[in-house]
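The structure appears below as structure tokens.
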Amino acid sequence: MSQQQQTVLISSHTQIGEGYYVVGVASPWLAQASQPGQFVMCRLPNANLLWGRAFSVYDVVGDEVFLLYKVMGRGTSLLSEKKVGEQLEIIGPLGNTFSKPKPDQFLLLVGGGVGLPPLYFYAKTYQEQASQMRVMIGARDKENVILEEEFKALGCQVEVSTDDGSAGLKGLVTELLKKAIRNNSKIKDKLLIASCGPNPMLKAVSAIGIEEKIPTEISMEESMACGLGVCIGCVVKTHCSPEQKEELKRDETYTRLCCEGPVLEGSRVIWE
Amino acid sequence: MGINLSVQLGKLKLKNPVTVASGCFGYAQEMESVADLSQIGAVISKGLTLEPRIGNPSPRIVETPSGMLNAIGLQNDGVDVFIKKKLPYLKENNIQTIANINGSTIEEYEQLAERLSGADGVGALEVNISCPNVKHGGIEFGVDPKACEEVLTRIRKKTGLTLIAKLSPNVTHIQEFAKIVEGVGCDAVSLVNTYVGMAVDVNKRKPILTNITGGLSGPAIRPLAVRLTWQVAQAVKIPILGMGGINSVQDALEFFIVGATAISIGTANFYNPKLSAEIVAGLEEYLLKHNLNDISQLTGSLELNKK
Amino acid sequence: MGINLSVQLGKLKLKNPVTVASGCFGYAQEMESVADLSQIGAVISKGLTLEPRIGNPSPRIVETPSGMLNAIGLQNDGVDVFIKKKLPYLKENNIQTIANINGSTIEEYEQLAERLSGADGVGALEVNISCPNVKHGGIEFGVDPKACEEVLTRIRKKTGLTLIAKLSPNVTHIQEFAKIVEGVGCDAVSLVNTYVGMAVDVNKRKPILTNITGGLSGPAIRPLAVRLTWQVAQAVKIPILGMGGINSVQDALEFFIVGATAISIGTANFYNPKLSAEIVAGLEEYLLKHNLNDISQLTGSLELNKK
Amino acid sequence: MSQQQQTVLISSHTQIGEGYYVVGVASPWLAQASQPGQFVMCRLPNANLLWGRAFSVYDVVGDEVFLLYKVMGRGTSLLSEKKVGEQLEIIGPLGNTFSKPKPDQFLLLVGGGVGLPPLYFYAKTYQEQASQMRVMIGARDKENVILEEEFKALGCQVEVSTDDGSAGLKGLVTELLKKAIRNNSKIKDKLLIASCGPNPMLKAVSAIGIEEKIPTEISMEESMACGLGVCIGCVVKTHCSPEQKEELKRDETYTRLCCEGPVLEGSRVIWE
């Protein structure tokens, strides 16, 4: 267990799109400890919010850690008003990580919206394998396609789909995924899917993974109060592991996303 | 001369009066990297049941103004796994442990009390008769005086451990319940558990919590919990473990002053895991500044305004 | 086709369902320069008593996390001054007025009901049987079912006006009281009044409020008030005037969805006098967006999650 | 009734001493409407505070209104962190005013700490009479003596007393007041006392006013939730006026400081 609670200073804060922001914080500890897939709980001092908010680690450069967020509600809206030099309370890094890919594996990264930042950090961490990574970005419309250029800059192949066809393929990102699997059918046993985005996307991606027998890791979201595994608020229903079956005397259980996740084997999840 | 922070709850001696509340600190190990476990007077375990429970479906928690609703539904791996897998860590690390027990029937409470009384490393039992988030048992025992009396009487017979009964605030006259607790021979009373509340997703026009209602905790309820602690302090002589919305040293002081012997920190652990250590230090500082040398001098020191 | 926001509480028709709560808007005139009085469904007067009352000594109010405690003690100039000096302004400005009445004895309630029934410009009576800040009467009638039934039965006989009983949330089973209210023939039920709470000055080790305890209101209590409103909606058929911590359009929607026919804004008036007008506009917008044309379609529209 | 609720921008914000700040807000309405003795309720958007905080109008220059405050608790501490360009929610101007002095009157202004700002605005408003004003500043120590130079710049005579003697007379400001009354005994019927500061000071000043039969106006403080007269939270006990006596059938009542005050005739107050 290596998370810490720290007060950090905002070192940079940039709007990168309609409602999308990247905030950088200075924290040697966090920069050094963060692994792809992990997140932080981020709290605004003296704001009228009780809990911190969960944000995935999007990037690390030197001692700076970057979070990419979209303004959704009160917390992200207040965060967007914070200026460079102001303080944030951070607990992290939290949660488990995406698996380190084996050198011969080929990664299919499927993301939507603010599910893309952890995938970017994943791709960047294993950038030496970037040529074996295909990134599929799904979005409602052009305005919500983010990080396309950044992934390309890493050396990944990138494809886009939008619901309204305003960028890339008109349709669902799972169409891109199916096509990518077909195109790589010769190396099917080397494929690895990693996905993060809205639940319907993750459910569809998991189903494809199960059907095609491709290992699939999905990073999920639930409301979190603590991020530390103690409130048991952030659960999703999963099949029990063999040990759990014995201990709990049942087949299904609720799994805490903040410490047993956020990354779960897609086939473990029972969609409610 | 040193400052004495140690307090006594029945047979249980705590090195300091700052405990962490049930359901809000896991089994301590989860918090070891962010909290200073050596500073905590006692860790109260997540609510234990006889059999493993998987709890309620998500969403289970909602943020509210200065508070939160939870409807966890007592997810836990059961008392046996607790004894086998969680207790050893607590013992090894010299963490004083209070087991929080929950039954759907009186018999379950009895069995829990028996099993935990035989387990090495359990310092006391806190009987949760006030969980608002389970279908059977839980709060039923906490809002009906007869049921309350019966369950506590029967548990009392099964354990020689320090027995603490945890009261529900969702009642008209809490003193009545506190007196029952004292009358049946419990060593201490703890309060408050959460207040039953509800939140609505106005776009879907559905309850946000799958369980419909949940328990409200956090700073929002502090003025209510302080008042109930004060009222119970008027009604009984057994020590009070006070809690509800403690978020700072000053909040903790309020509970001592109105009559708590020890306090418990719940929701605040979620966003400030270091709070218990901060409060221990803050209590010492306060006592020094006010020329007191024992925390017991603070308990019940409220002076009423003359009129 | 227009949106209908008007609602009916007994005989009383409100042009919209957004009222301002007793004790939180004075007698409207005080607010004329900062609020849009023409947008308010009804103004509920500060609690009236038979004789003038000077109330409790200062401090009477304390800020708490997302809430406040008050122990005003029903300071008011008495029902006669109200009728002579406050009512004319309300009438002239076409402000629908509900008089909030408070007695220390049943006889006082009866006399208040009689006098106000004869006064021109009073649209309804709200019977406060839940004031926590007075020595006699007040909350006693609100936490004892027998006393509640008797006082309401007797008032009912004295007035033909729409009669609304205001419930205390400081009880174990609020449904029981709501059923009494309905049973004795009241036209509507309003809830919640404040929760009894307390705050301590830790340096002086004294209660902050001279009255020791006070009533908690504000956003902090909203999840509790929503849950009680929902429970009462299950228990009775008479319309509910819901309140407790309403601070935004969304908050107001929660109350309608769980079963309120109208709502009342209390504490939020103190820092946002324009809130009632904002909520009226917001309700209209919400109905439009959701293809509804009558606020009554929202009342009790909560859909429970299937399990 | 002419108060308004407005969102205003901070136009300047300066620390003027240990814990003392002056914040300026741009509001033509407030600038034009404010009278000496009046105050505003000032609320920080999105802070974890419910109520606004009361601050006296300290100065008006053009369209800018200035408030002078001392960091006391959470509200003032959060306020002190606000930057130029950030927003405040203001309701005001509120309350009654100090009386306009008659041309031949001589003003004895007795103030302490953050009681001085309204006295300054009072003196400035009637600056043509500044030579007939004697300002007595009481403070714990030198660090808490504020506005001395500003009053002098208006043309007032200024004296200081401190508890520890670190500036001016060592002792209570009421000693200065008594002396001033003695020195002006020839024009005693022209004297007018105005005071604002901590309650013990106001009580002592009122007692002197009563004893010496000099009209005395004091501006008092109590916790305020609304500032508008509707919560009835901000009361002090007072003797009833003749009409009140008749209406209320008693001699004493509680008077709301936010609308019937904050300025009260000292002799009306019953000190509890």
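Each chain carries a letter (A, B, C and D) given by its place in the written order, and its residues are counted from 1.
Here, a residue touches a chain if its C-beta (ideal position, glycine included) is under 8 Å from a C-beta of that chain, and two chains touch if they have at least 3 such contacts.
Just so you know, these numbers come straight off a predicted model, no measurement behind them.
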| item | value |
| --- | --- |
| Chains in simultaneous contact with subunit A and subunit C | B, D |
| Intercentroid distance (Cα basis), subunit B paired with subunit A, Å | 36 |
| Rounded Å distance, subunit B centre to subunit D centre (Cα mean) | 47 |
| Subunit A and subunit D, separation of their C-alpha mean positions in angstrom | 56 |
| Residues of subunit C touching at least two other chains | 57, 62, 64-67, 218-219 |
| Residue list for subunit D, restricted to those that touch at least two other chains | 48-49 |
| Chain contact topology (line, ring, star, complete or other) | ring |
| Full enumeration of touching chain pairs | A-B, A-D, B-C, C-D |
| Residue ranges of subunit B touching subunit A (in the complex, touch as defined) | 23-26, 30-34, 46, 51-52, 54-55, 57-68, 70, 72, 75, 77-78, 81, 218-219, 267, 269-274 |
| Touching residues on subunit D, where the partner in the complex is subunit A | 46-49, 74, 78, 83 |
| Parts of subunit B lying in touch with subunit C, wherever the complex brings them together | 57, 62, 64-67, 69, 143, 170-172, 195-200, 202, 204-207, 210, 212-213, 216, 218-224, 226-227, 230, 245, 247, 250, 253-254, 257-258, 286, 301-305, 307 |
| Subunit D residues touching subunit C - in the complex, by the definition given at the top | 1-5, 41, 43, 48-52, 89, 91, 222-223, 225-226, 228-237, 247-250, 252-254, 259, 272 |
